[in-house]
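Below is one structure, written out as structure tokens; the observations come after it.
Chain naming follows the written order as A, B and C, and within any one chain the residues start at number 1.
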Amino acid sequence: MLRVEKLSKRYGGLKAVDEVSLELGREEILGVIGPNGAGKTTLFSMIAGSQKPSSGAVFLEGESIGGLPAHRVVHKGIVRTHQIVRPFANLTVFENALAGATFGRDQTHARAKAQEALELVGLWNRRGDLPGSLTLAGRKKLELARALATTPRVLLLDEVIAGVNPSEALEMAQLIKKIREARKLSILLIEHVMPAVMTLCDRVLVLDAGRAIAAGTPAQVVSDPLVISAYLGSA
Amino acid sequence: MKLGIALSAAALVALALLPFALSPYTHNLMTLSFLFVATALAWNWLGGYAGQISFGHAAMFGTGGFVAARILLAGALPPPLAWIAGGLVAGAYALIWGHPTLRLRGPYFSIATIGVGEATRLVFTYWDKFTGGSSGLSLPMVPGAKRTLYWEALAFLALIAVASWAIRRSRLGLALFAIRGDVEAAADVGISATFYQDLVLFLSGAATGIAGGIYASYFSFIEPNDMLGFDRSISFVLMAVIGGVGTILGPVLGAVVFVLLRQFLIGSYPQLYLGLYGALLIAVILFEPLGLMGLGHRLVRRAAR
Amino acid sequence: MRFVELLVAAVLLAGLYAMMAYGLGLIYGVLRIVNLAHGGMIMAGAYLGLALHDRLGMDPLLSLPLIAVVSWSFGWLLYRFVVRHLPRGATGGAQSLLLLFGVWLVMRNAVYLIFTGNDQAIRTAWSTHAWKLAGVSLPVNRVIVFGLAMLALGGLHFLLTRTYVGKAIRAVAQNPDSCTRAGIDVEKVYALTFGLGSALAGVAGLLGATIFSFNPSFGSVELLKSFVVVVMGGLGSVAGTASAALVLALVEVFAILVLPSYLTGAVGFVLLVLVLVLRPGGLFGQKVLG
């Protein structure tokens, strides 16, 4: 579905992301974990087009999309959410989702799509409210709904679970699973909350200091000595 | 909603019949108000909807005015077509400087527009082959034209008001509101900030240019410092801010208040009007950032309680 | 010879530009507010100098410290009672912009009422003299202005890098939240900085008034020029500000050679737009692209 080849981002001499490659299968959930500053969000930004890669390539179903601006990447079918949620504070919950549906990959039946996305995450009854009145978990769901309304093929989720209370975290994890089933989506997921990673992800990629140091099933990865030392080293 | 449409239509009819009962002085004031209300609305498409405050809209008002005046002096086109031609040139000019500068946000865009406005004024002032320099251009007076122009200005205002409403409800409006909320998040839902901002600046600039053309016809005399002065640019900002940025009724109210206040001040305290605008601006920002519209909402809520 | 003379003129002018720009840059760097009243403060400095000179016979060199204190107090009060209450950052930016713009309009009008809109000038005993150095004429007033501007910038540099107050200002610019935790009164630092920026503007206005004639719209062109310099020179570095000021002054002075005279006035504005567009990523040393 999504193939990333030797993607790098350099700031002067500093390598924020160093030749990271990955492959995301159809309807797969691939977790990206790693200590703070490992380059996870930069990797996402490059795939989503908000930052230009220094080198490397991104393919969506064989089509090269590396270097396209963010809004074009959305039209191709890749959409991201942000670690710190960024709803349009001046638009209602419904209009937020409607923006996604109106300008996304498939722009037909925008109102119906916006409604469907809000119903899926359970925010339809809050449709007339401003995002500022939602809880953090609510705003994370709104960000998810707005992304879903763009009719994506690949979803890039940046820490949608971290920061909410345990029961909300559980609900969020179930929601992600439900979304994958309902929409037949492939999901790339950055997450710090390890139990969620263990239960949600089919495979996990571990980044440290900009490089991919391990990949495999969650169980394989957590017992990998390289991974353990990366985490302990950073702790 | 239906009530709003009915009220607007009634107001339009009343305004259209009014000239039969007006003194020349009031007639002048009304026509001027129509043009300024229309320009404030057009400024608001960019400043209110997209959140890009322009201190340089006089550049388009002047461009549209002088292009239309030149076309009329050459007798090449009938007035409405000359105004539209002026508007198109003004819109194109807006795109030329706007396309690169609209990538800037917030204060940086605003500051760039101050530079654009002043540079345009200087060029127009010294380009006397085209603008007549500081002695300006005089257009031939046509008997009875002022009454026709009243209706034409009113029709133009009605058009811009409907356009404001239509843009707000359209794809373009949604894109602009999203861009104002968060440019990067807008890109993340597939909105091209460049395209929609360029588009709205073109529309806003063209409408402002048309207003400049009608203004030129109405006064049959224009000169660069009046058309393109910094005060002119400020007045567009003030009208929208006083009334309520981002709304439709706001700039309408703001422009009416502005014209009346200006007329009153120029009559009684000509040397005070700039400072009073400043004081008004400070008061609005400090006490009611949403302007008259915000004040209205607050009063309605209090009355309901 | 003409070339050398223009070069010298540009360097002398650059000193004043650097001073005007530094006040604007300082306020932006620490408070993240673009002070649109900056032009008004420049103008106020000029008129205050005029009043002290014409009514009390005070030489601008004597009134300078007084004007610095008055401008500082004005900035401090403006911050404490008005600017403090405004939202900042991406969405609040428009509000402080418009409000400070309103302050500028009020100041312009006040000056207009007191002094009329006529062109004014401060003429001192030294304003028409010139030194001759190796055939190049050096107008005394411009040399003095340059020297004082350099002195002020040097003093400011010392204040910011060597004193406790200066270090607090720089720390607040970096990270206000951690300063609050470290026990620094951030609001006090903000007010102080707003005062400092205003004082620089006021003194620059006074110095400018000894060279140029001025009227109530004095300061608007200067504000735009300050922006050009801040944008080109980056933030907080005296050397960066000085070299950017020099670039602007050189472009302006040498534009006389290649452009028709009526277009030289537009050079600053065109440069402003070009710099904003071509260096958007490096503006104020900060990312400003949306």
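The criterion applied here is as follows: contacts are C-beta pairs under 8 Å (C-beta built on N, C-alpha and C of every residue); 3 or more make two chains touch, one makes a residue touch a chain.
Please read these numbers as outputs of a predicted model, since none were measured by experiment.
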Target chain C, source chain A, minimum contact steps: 2
As a test of understanding: of all chains, whose mean C-alpha position lies farthest from that of chain A? C
If you tally contacting C-beta pairs for every chain pair, which pair wins? B-C
Taking each chain's centre as the mean of its CA atoms, how far is chain A from chain C in angstrom? 46
Chain centre separation in whole Å, for chain C relative to chain B (CA means): 32
Interchain centroid distance [CA atoms averaged], chain A/chain B, Å: 43
For chain A, jot down the residues that touch at least 2 other chains. 89
Multi-chain contacts in chain B: which residues touch at least two other chains? 184, 193
Hunt down the residues of chain C that sit against at least two other chains at once, touch-wise. 91
In the complex, chain B residues that touch chain C: 51, 53, 97, 100-101, 103-108, 110-112, 114-116, 118-119, 122-123, 125-126, 179, 183-184, 193, 230, 234, 237, 241, 245, 271-272, 274-282, 285-286, 289
Within the complex, which stretch of chain A touches chain B? 48-50, 69-72, 74-75, 79-80, 82, 86-91, 95, 98-100, 102-105, 146-147, 149-150
Where on chain C does chain B make contact in their complex? 34, 82, 85-86, 90-91, 93-95, 97-99, 101-110, 112-113, 220-221, 223-224, 227, 262-263, 265-266, 268-270, 272-273, 276-277, 280, 283, 288-290
Footprint of chain A on chain B - complex, ascending: 171, 174-175, 177-178, 180-182, 184-193
